[in-house]
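Letters A, B, C and D name the chains as they come in the text, with residue numbers starting at 1 for each one.
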Amino acid sequence: MSYSIAVSGASGYAGGEVLRLLAGHPEVEIGAVTAHSSAGERLGSLQPHLLPLADRLISETTAENLAGHDVVVLALPHGASGELAAQLGEDTLVIDAAADHRLESATAWEQFYGSAHQGTWPYGLPELPGQRQRLRAARRIAVPGCYPTTILLGLAPAFAAGLLEGADVVIVAATGTSGAGKSTKPHLLGSEVMGGMSPYGVGGVHRHTPEIEQGLRQVSGAEVTVSFTPTLAPMPRGILATSTARLASGASAAALREAYAAQYEDEPFVHLLPEGQWPTTKQVVGSNHVTVQLAVDERTGRVIVSSASDNLTKGTAGGAVQSMNLALGLPETTGLNLLGVSP
Amino acid sequence: MSYSIAVSGASGYAGGEVLRLLAGHPEVEIGAVTAHSSAGERLGSLQPHLLPLADRLISETTAENLAGHDVVVLALPHGASGELAAQLGEDTLVIDAAADHRLESATAWEQFYGSAHQGTWPYGLPELPGQRQRLRAARRIAVPGCYPTTILLGLAPAFAAGLLEGADVVIVAATGTSGAGKSTKPHLLGSEVMGGMSPYGVGGVHRHTPEIEQGLRQVSGAEVTVSFTPTLAPMPRGILATSTARLASGASAAALREAYAAQYEDEPFVHLLPEGQWPTTKQVVGSNHVTVQLAVDERTGRVIVSSASDNLTKGTAGGAVQSMNLALGLPETTGLNLLGVSP
Amino acid sequence: MSYSIAVSGASGYAGGEVLRLLAGHPEVEIGAVTAHSSAGERLGSLQPHLLPLADRLISETTAENLAGHDVVVLALPHGASGELAAQLGEDTLVIDAAADHRLESATAWEQFYGSAHQGTWPYGLPELPGQRQRLRAARRIAVPGCYPTTILLGLAPAFAAGLLEGADVVIVAATGTSGAGKSTKPHLLGSEVMGGMSPYGVGGVHRHTPEIEQGLRQVSGAEVTVSFTPTLAPMPRGILATSTARLASGASAAALREAYAAQYEDEPFVHLLPEGQWPTTKQVVGSNHVTVQLAVDERTGRVIVSSASDNLTKGTAGGAVQSMNLALGLPETTGLNLLGVSP
Amino acid sequence: MSYSIAVSGASGYAGGEVLRLLAGHPEVEIGAVTAHSSAGERLGSLQPHLLPLADRLISETTAENLAGHDVVVLALPHGASGELAAQLGEDTLVIDAAADHRLESATAWEQFYGSAHQGTWPYGLPELPGQRQRLRAARRIAVPGCYPTTILLGLAPAFAAGLLEGADVVIVAATGTSGAGKSTKPHLLGSEVMGGMSPYGVGGVHRHTPEIEQGLRQVSGAEVTVSFTPTLAPMPRGILATSTARLASGASAAALREAYAAQYEDEPFVHLLPEGQWPTTKQVVGSNHVTVQLAVDERTGRVIVSSASDNLTKGTAGGAVQSMNLALGLPETTGLNLLGVSP
């Protein structure tokens, strides 16, 4: 049997990646493909790499056009999904790639997004403890942010095992430019991007900060405070996160390694690399994998965890499909890339 | 039923791409994975993106190790495949990604490669007229070069229809750096490559020149003379070929367009783009597609054809798998990517 | 003595490069710095690399603001300079980086630009035969296009010496993305540009075509027909041109080499590289140099000339300053970079 | 008067950048240009961007060849400079771009470099308190590492003013590939570098760690412990450092800003950017500048400082020339680029 699926935001990078994965997914049939300003155009003129879908026409993003599918993927700017979802049937599986329903704290939402909280949906990161089970019954799924996905998978085993202090976590991450979307801002021009790196959202103001803290709090059962600095790197895809926290009293490097090995042993998409091999975003481009490595700096008492993902795949569209598979009762890896494109 | 397959040259870019495709191919089982200087190492340390194959051990490239498989892919420097193939059974399907058995003319081989000609194998470009049929019965297949693949698919319909003059074809093409292989030469360092472009093999000396001429001669049934200049571009993958030839007397732009549309209408991997849309290597990265567009310059009487491919996929490993599928009687697209990874 | 100079278009790439060079020029003093939509802003917010000029305020581009300087550089879209120049005194040195006054043929102008011809100004390419002398007395200078600069300097010695046929010149060139300016079009986003190459303006429609033909006609004294295909490369700066033409009857490789050596021997900015060394855009980034190399393809009878420049420096702002120096009676190399920034 | 200067390591990136700057320096005359494996070659074949020096011949790096110059710049792997310097006269100004003489602690040297300590030379970072004066009389100068230069200039004002805690400084930095030198290692190939980021030297083992700690200790007068993680970014040049430390009790954002403004007000090469503008490596490429910005994260109590430099210019060769200027009694900015090359 095949599930019908509608994809909104089809002209953007997130929507394009969702379509790339779904076009190769054996159990779904792509129905409506919607967008806003490009409604009426051929998909091929906006997503020239989706050659098998090139002749599809883009329709307007309306609840009417999205209705009548088994699954609806919303790849829209935040603020749009709440209202749309309310107009879709309760047994429609709605997957929101935007931030609207990720945060449990209305206070945090209002502080970081400046609008009214729209409620919380099951969080689409199956590798977090207990989360896979929750997604199996879900009809509404909030896809995690690309940074939180990469960082939480980097830190979760250590926090779950109580091996890190939550008081002073410091994270610096680099993202490829697709993380900033397809908006035509001057600083995202190729001429500006190539050959340069710069930080943005510095000082705890990036909206992924409360999402990272929420995830770590849930995993560790205690408060976690995160200083998070994102940077923009000259590459189209990929996130490399460097996450550091102080080793908890009594914890050891061996215990840490064991915690990661145990938690990720059976995961199809998250990999603790062999000792001595460090993650590189190149190894995961186009795939749904996250690679992880860690080191203990005995001099400073800090643990440094490096984790890499493709922000558009596992960080967005792949994570969405993985959660969709769970919610539909399909094998979790169905239609998902296990092989990155490198070099 | 599943075919066993051995891959030599597994540490290089061509071998890595063959393995990437085969690891996702539903009808084959990867057997021996061989290389030379890295024999004994984990595949994961040399090809960190092949995560599902990371724990495979690389064995030495010997006929002994390659024997006993249904299919053997040779991704070695030219000069090595003739001898190895001779030691493999005649009913083993041997696919050579190197140049050794591409050229029919011993003279051309000796002139451009400076060694003794090793004979000619069926040429693995199914989209050329008559070629698909030949590959169905083949037990030896010569995978075309990445430039010839891209250029021949760009020019073949026009030459097959007699719409271009063969006397003065001028081609300039740009390749990503993986086309130069994994050899650690100073000019291939990232610091040298990023931000710069340069030509190489200028003046008719590039070894793909006689291969391009041979292909066009076969297609057109007449002599074709090609001035070919390759350039190295700051990107890991992709070939963009700009091929120009004089419009034959009596030929028209409409007839040209019709010839391309007719020849590629049913091809799964080669696409004449809609008028006004030009190929970009981004749209084919990681996929087995080739995109084509053309224009007639009335002022000069020249036709300009632009064609784009991924040099490692359709230009090497994907072409190899496509031909393998034909020779094994499998559907031609089995295990091949129809969706490029972009942006 | 110091010349006062005004720069319009200061928010764009051409204007930014003019300012970069002028800020290091010992004989000028930068006066008005003007733009349109960014008037009123600090220069540092638009051109963050011009640190010594960061606190300059941008004023509106009006004849009033530009008047009263010894020199005015116009780095505006074509169509704007004619009217502005008419309002500036006849003894003001006006240097136009746009195309308006490059073409001598009103017919060619109207065909390629679709507007009324504004007349012809002395052409700012001192290395062309006779051109240096003309620029010494000029009060109006048309800065050549970046492609014509690179291509004409690549082909001029051969055409001047009558060693190439003008009937069927074929040129393919790659440009860095700054050649497309700072306009925020989707295909110029970093995500789209990095990792990909594509052609544009194919089929003889690029506006630099008549400018190239005009230059070659003047140099050779005969008609020249050019098929020109530009491509966009994943790098911020640089042009690599591959220009081919048929060797004239009786011409030899030795004669060609001699012609280039003789013409460029005393040029400070144009270099015939030693045999075997080919141009790379990396070697000229940020400098006013053009490097040239050539080969004769005996099989096809074509000469292939490779030339490289920085499209923003010698191709635009450096060419402007070089011509300005001549017109002001200063040493030609004053304030111009002789050392590219590499790697 | 003109100083004669010899440059060793002329085939590498550091040596090439020293030569680029010296070739434009009005008070020096380049004498011997030496290297090891490329002795006997034309400089133009190894550093094709140094066109005015292309015909210089490279001689062997020996004390004999380096002797007899007023200044000798050593751009060699660490371990080589001590012995060479000992053979050069005491009144020769010897500038060592390697690490050998940077550390004061023999213990730290031995721990991080695994060889015998060669003594300590004046540290070539004039912007550190008191350092400019020391360099004026120096005949031996140790050029700081590229990371320490960028990080120390980012953190020094805050530590000098006692506004940060030294107990738990966390730094993550990204470097362009030229920071890894010209050695032909597989992971530095363009195909591997483009499109990817990865960490290296994780866990406090990078050799710049003790150098950073030493600098901060000198500035603050107290112990400082640094967790430092370097990453490799897909760009040829540039360092972007994200340095965080806890705000000292009683310190305020305003006091911090004031400390930076005061310390850098008169510095020609170090710039506190206007509030809201963040450093980007693009703005300093090819120049001797360092740009700095900071934010206080009130939620976490951490200060985040971002600083950007060109690792080859201010981070190596420009820093060397700046210190040389001081030691020779020349104006400090002589021959140094004040204008980055961007885009």
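Just so it is clear, a residue touches a chain if its C-beta (ideal position, glycine included) is under 8 Å from a C-beta of that chain, and two chains touch if they have at least 3 such contacts.
Everything numeric here is computed off the predicted structure, so don't read it as measured data.
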**Fill in**
Looking at Cα centroids only, farthest away from chain C lies chain A
**Item:** Chain pair with more C-beta contacts, C-D versus B-C
**Value:** B-C
**Prompt:** Taking each chain's centre as the mean position of its Cα atoms, how many Å separate chain A from chain C?
**Reply:** 45
**Request:** With chain centres taken as the means of their Cα atoms, state the distance from chain C to chain D in Å.
**Result:** 35
**Residue numbers of chain B (touch at least two other chains)** = 13, 177-178, 189, 191-192, 194-195, 234-237, 280, 282-283, 285, 342-343
**Message:** Show me the residue ranges of chain B that touch chain D in the complex, using the header's touch definition.
**Reply:** 13, 176-178, 180, 182, 184-186, 188-195, 234-236
**Complete:** Note: in the complex, chain A contacts chain B through residues 13, 16, 20, 23-24, 42, 44-45, 47-52, 54, 177-178, 194-195, 236-237, 271, 274, 277, 280, 282-287, 289, 291, 338-343
**Message:** Touching residues of chain D toward chain A in the complex: what are they?
**Reply:** 168, 170, 172, 174, 189, 191-192, 194-200, 202-204, 225-227, 229, 231, 233-238, 240, 242, 244, 246, 278-283, 285, 293, 295-300, 302, 304, 306, 308, 342-343
